[in-house]
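Below are the structure tokens for one structure; questions will follow.
Chain IDs A, B, C, D, E, F, G and H follow the sequence of writing; residue 1 opens each chain.
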Amino acid sequence: GFARVDHDREARNGVPEVIFGEGKRVEQISAIVARLRARHQRALVTRLDTERAEHVLRDHPDGQYDPVSRLLRWGEAPERLPGRVAVICAGTSDLPVAEEASQTLEWLGVEVARLNDVGVAGLDRLLAHREAITHADVLIVVAGMEGALPSVVTGLVRSPVLAVPTSVGYGASLQGVTALLGMLSACATGMSVVNIDNGFGAAWQAASILGL
Amino acid sequence: GFARVDHDREARNGVPEVIFGEGKRVEQISAIVARLRARHQRALVTRLDTERAEHVLRDHPDGQYDPVSRLLRWGEAPERLPGRVAVICAGTSDLPVAEEASQTLEWLGVEVARLNDVGVAGLDRLLAHREAITHADVLIVVAGMEGALPSVVTGLVRSPVLAVPTSVGYGASLQGVTALLGMLSACATGMSVVNIDNGFGAAWQAASILGL
Amino acid sequence: GFARVDHDREARNGVPEVIFGEGKRVEQISAIVARLRARHQRALVTRLDTERAEHVLRDHPDGQYDPVSRLLRWGEAPERLPGRVAVICAGTSDLPVAEEASQTLEWLGVEVARLNDVGVAGLDRLLAHREAITHADVLIVVAGMEGALPSVVTGLVRSPVLAVPTSVGYGASLQGVTALLGMLSACATGMSVVNIDNGFGAAWQAASILGL
Amino acid sequence: GFARVDHDREARNGVPEVIFGEGKRVEQISAIVARLRARHQRALVTRLDTERAEHVLRDHPDGQYDPVSRLLRWGEAPERLPGRVAVICAGTSDLPVAEEASQTLEWLGVEVARLNDVGVAGLDRLLAHREAITHADVLIVVAGMEGALPSVVTGLVRSPVLAVPTSVGYGASLQGVTALLGMLSACATGMSVVNIDNGFGAAWQAASILGL
Amino acid sequence: GFARVDHDREARNGVPEVIFGEGKRVEQISAIVARLRARHQRALVTRLDTERAEHVLRDHPDGQYDPVSRLLRWGEAPERLPGRVAVICAGTSDLPVAEEASQTLEWLGVEVARLNDVGVAGLDRLLAHREAITHADVLIVVAGMEGALPSVVTGLVRSPVLAVPTSVGYGASLQGVTALLGMLSACATGMSVVNIDNGFGAAWQAASILGL
Amino acid sequence: GFARVDHDREARNGVPEVIFGEGKRVEQISAIVARLRARHQRALVTRLDTERAEHVLRDHPDGQYDPVSRLLRWGEAPERLPGRVAVICAGTSDLPVAEEASQTLEWLGVEVARLNDVGVAGLDRLLAHREAITHADVLIVVAGMEGALPSVVTGLVRSPVLAVPTSVGYGASLQGVTALLGMLSACATGMSVVNIDNGFGAAWQAASILGL
Amino acid sequence: GFARVDHDREARNGVPEVIFGEGKRVEQISAIVARLRARHQRALVTRLDTERAEHVLRDHPDGQYDPVSRLLRWGEAPERLPGRVAVICAGTSDLPVAEEASQTLEWLGVEVARLNDVGVAGLDRLLAHREAITHADVLIVVAGMEGALPSVVTGLVRSPVLAVPTSVGYGASLQGVTALLGMLSACATGMSVVNIDNGFGAAWQAASILGL
Amino acid sequence: GFARVDHDREARNGVPEVIFGEGKRVEQISAIVARLRARHQRALVTRLDTERAEHVLRDHPDGQYDPVSRLLRWGEAPERLPGRVAVICAGTSDLPVAEEASQTLEWLGVEVARLNDVGVAGLDRLLAHREAITHADVLIVVAGMEGALPSVVTGLVRSPVLAVPTSVGYGASLQGVTALLGMLSACATGMSVVNIDNGFGAAWQAASILGL
């Protein structure tokens, strides 16, 4: 067969395998979803465009699709994880990635606090929430262009920060590579980085820190 | 003055500022160490070559310098953090970076379990420790060349994995950039990445996860 | 004329010239196919999209087109080569490239064993076939994202491994460049690499090893 | 002759040509300095290492060499320019570049206010000087690693900011390229960028803004 | 809410926040425009394509959209700034970026003198305006391909030059990266650089120099 | 006006300015063509797609458009240049670029000998024309992918070779950058290089060598 | 311990683990050599400079060190493999890499035929050996700069070609990256590629093809 | 033997093979020089450092070594070529490359006119020689940093221009890559490009144009 679903993953990693939606045909996705739901009662597809999502929903109509985060999901976490994750985002254009993180967290059973549009060009917007951010258990910080926000946030808190570069920007932003390299080069301590636009991966790592 | 020591950092981040040893002159380092020790009773300098370390030790002779990790340190953590971090390394050539991580963890008060030379070209070496690695609270996985080890380890455990690419290799390794990009591209979930050769940063993030 | 078919290639290389389908107009392809079939009774076009394939099939209706591998072919190898090639692929999204390899091998007269969706994030899926892969005469290993699968496979076998990076992934995957560089940097021995998405080239090299 | 001194430059650009010290032999520099001093009574050499500076000083002993900024200079500006430039630097390791800027400004007749070691990982150090920085006429902001400081400063002031990336850092810092690209990608408005480590160029542009 | 309008920006930076049009949905833009106009009586959206501009204009019909510069704006500067900015452009293909600069300047209340199509391959076209360009207070020089025009212009004037690389060109132009790197490497003094195609940023920096 | 036609160019460079068709609107092209034809009786537009070409031809219906080379032209060279240029191309997919070179040469009044599809994978095809190529006065060699053909040709002849990399290929070909870098790195002597896909530039340089 | 020798490798891969000499200290190498020789009676260290080789030889004086290939070895293959490998090299500057391949092959028990300095700029040197190269069982082709030789050789033979790019060259050669990318982009079929300067890896793959 | 001197090259290319001095040992160079001089009475070694040059001169003491151009040569061209080449260089730091070009031309029997230090930041220095440069038969233009000089020169003349980028500069100059890409992107017509710092290659191409 074309796919070999890794059913042991729930045992090993705490959660069933998630389907990477890019480059798969609709029938492939539907078939994998069927197998996952039969075994684990829940399923998640990432990076799925609206058109293909609608096709998959014909086979599995009780799923929820969100066009901003491009997530398609069924079921939910059997139990909620302790702790709270702050998902902070630099600009309105970074929202799709921040939502991919927030909604993946919710599907994984984690409580989320969203803080949008607090980029470093208007620092007072962030500082107004200084109290709140120092109390999150994990922080996911999403930023495109020069990607400076995670360094600034990391300097303000003790909890671990997960930095997510986005492909927002143009020219020297190099589709997110500049933000990615900047976050990796940051001298602020207590921060690690995931792939460009990978809100999903940051959410999973946050849940893993909270004891997935 | 040339340096503005960020004394509040211990309050904000849980640990005093650490000195980045590259590109600083010996007198600058000595002066900053003096200020840090006066205030916090401990200090750490990273990425310091043997020659300059010896000069700094003339002013502060009770420090410990390790030429493998290139760390120079004084004092220790006031209390030990709960939990254990596994520091896993792919090849003997990656040891300096793994040691930077392990010894920073020790300075931060964290218990370390080292597992060396278990690269993916001889998978059985790693699988022989499968039990052990699934019980670590955080895993730091250090690898150069193609940097495949963190994906494999992440697939085997539930705890968060911090991947550290190293500059070991030649040609297409591009001084660690290939390992870095590979780790960021990994589809294994529960993994985040720090800068090339940044054992220090991974250690700090691990400590931060354990509740620094 | 616009094309100078290299008819001696069958004598020199064992197989007639194959047509690179990108950047050629339909009439050009049809004309070259006509000349090749007249002389060698078989022809193969690679990287051809469905629309142009249908146009070429109007002139040469007895061909077979497969939309997954994007191969269009006529005729078959006059005799079968000894030995067996395992075509192993990391994820469902890498299937088109793996199929380009498998079907090219079949057109060249080589027996293929397919093993799909055994990426390193769920290692047990691969290890379950450990016996089988150690008996292939040549292995083609197809992987995108961080491209770690070929290193792992090469460490398990004696036969030569041909690694094929794919453009599957996003962000730091850099359209397959990351997987390519990773495979070239691998310290596993007994492995060589072809271009990104070049299942065709890997198949040919495998056949050449089996004595094309 | 090997050099064609651009004597009209003082008329056109307001200041005589400055000698780029890299890749020139000592005798070449000495000869150009002689011609410049004969005509303009002042001269400046940039990016000159200590050893070659000492050789040039044998021919022109009344010059001043500073090993931190690597500038060698004779004479001074005939008159002082109105206004004040703040030269702000992120970390102690960035000092050489900041000093190249400050001392070039002084040679050009501009008043300088230095603010060192106020990087974004400890934001309060910068905010403590918020009042001061909003009153500078031009700001030069020097930072390596992820280069986030200029965005933050630009967001706090009305005056033009000149951002100078430095080659401080390692791995993903790519010898300053990451800081450079980050500064160019910044969404803060009222900022422009010069080459990596080019404190000299930023100083000149600042002076030009003040009416050189 | 999805956006946190930085209303203090007018106080801090002299002008209200400007909306980056890429990656935002029409309703988001309309809502932000409404808030900005309510508070500041003017608003500017950059990098907006015709289709989305028409949608936004349904909610705010008194705006002006220019398809060349892709700017959508309402209102104007409360007062005009002293001085004049020359906007010089190398080729007809660079006009959209030059117009983004010129029209942003006009919206900011600055007088503009346009000089188009004076690239270095026909130097006499530029030299014919030598007198004029030496009298501008600030010069914005826009060029794609090899991006040589700013160096040449900077060598002719005393006033500060702001160089804007464009993505015009093909092959080795690398979507503007070549022009960008060339401008940063220029040895002409009195020049600083903004992002590829960032006519908006250059305009703002020019206005800031004139005392925004 | 938006364009400043460089009418002196015919005097300086021997031929009137040629219009770069990318990124210009149809009306702009038509207007420039009108001015050029009024003054010089001929005009050439490069890199023009079929759709815009048809629009321009409505205003100037006596032009000739070739969809392969994407050239649109009016008039011809007042006199023919002495000598003959061989335009050699590696594969059928490189034909558009080779035709851009050949037809530009014809418009410039130069005699062309075409030799197509003689790439290095079937060396005998080239060697069959060894005599012919040694007698050309200038050789333009067009190749994509690894771009090896110009080195081989240069090793066989005394006349100057102009190498033109093309964007044909995929993956590691990097849209022609690999062929470009390869040609620049070639150790064969008597060869120089133009931009990727720049058949036009090679043709002009060839004509310039023949005494334009 | 610092190293975990993969003793099973001889069983799995046919030959004991080989020591990567870069980045290891002399005592580490000596200790690993001791363990390998005790178990397998032979050992090989690659990429070892003369100075460290001499230190290791003090502990293991019966080894052979070759400063050209930088290989240090003890013992030999228990039996010879059938078949012959041609090691072909483009220029005298590529000899160190070609020798790393040839001498590794000899250590692995494979017969080698060397053919040096037959780069494509003087094609007749290669064609003079056309007969010979068509009879090798595997061909290793070593080339720097533009790396065109493997394409040409592959076009002439049926046996598999292993291409080794070298770091020979300057400027656009990018330390071997250009040759690497060129070889990967080659349209010749029956060729695969190893890392820059990796003569060792090519030798191993050749031996693996011959049935290691 | 290690080297296969291409003695036919004089017949094919008009001049005997030239020795690339990098990466060769002194004895290898001496041996090749001996063979070349025995057959052709002249020899040239490029890119040779002073130390190794002195060693080679012990075996062949009648040679001439120039430390600026790093050329070592014996004998001279049997006859002088018609025509004159202008070698123009942007800054004093580019002199070594310009001299490599000039002295290679002299060795090839070509008359050279040198014009140094006429970079575009002081355009009048170049324009003062406008008459002279329009009369050269071929122009070699050498420039580092942004590499703008060749475009400007090409716009002023009819004769072919050969552009040589140099590695002079720092930061964004990327060791000459920026100048190289800029020259390739130039819109001036009648120009082609050689490798970074390749004065030798430009000289040979110029001689080839003059009828080598």
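Criterion: a residue touches a chain if its C-beta (ideal position, glycine included) is under 8 Å from a C-beta of that chain, and two chains touch if they have at least 3 such contacts.
These numbers were taken from a predicted model, which means no experiment stands behind them.
Between chain C and chain D, the least number of touch steps comes to 2.
Look at the contact of chain G with chain H and you find different residues on each copy: under half of the numbers used there are shared. Fitting chain B to chain G on CA positions gives a rotation angle of 90°, reported to the nearest 5. One inter-chain figure worth recording: chain E and chain F are separated by 35 Å, centre to centre, where each centre is the mean of the chain's CA atoms. If you average the CA atoms of chain B and of chain H, the two centres end up 49 Å from each other. Distance between chain centres (mean CA atoms), chain B to chain F: 55 Å. In chain C, the positions touching at least two other chains are 12, 20, 91, 121-122, 155-156, 171-173, 177, 180, 184-185, 187, 189, 195-196. All chain pairs in contact, by the document's touch criterion: A-B, A-C, A-D, A-E, B-C, B-D, B-G, C-F, C-G, D-E, D-H, E-F, E-H, F-G, F-H, G-H. Residues of chain F touching chain C in their complex: 91-93, 95, 116-118, 121-122, 124-125, 168, 170-173. Considering their complex, residues 91, 119-123, 145-148, 151-152, 154-156, 169, 171-174, 177-189 of chain B touch chain C. Interface of chain A with chain C (complex): residues 1-4, 6, 8-9, 12, 17, 20, 22-24, 28, 32, 47, 165, 167, 175-177, 180, 195-198.
Note for the complex: chain G touches chain C at residues 12-15, 18, 20, 155-160, 162, 180, 184-185, 187, 189-196, 200-202, 204-205, 208-209, 212.
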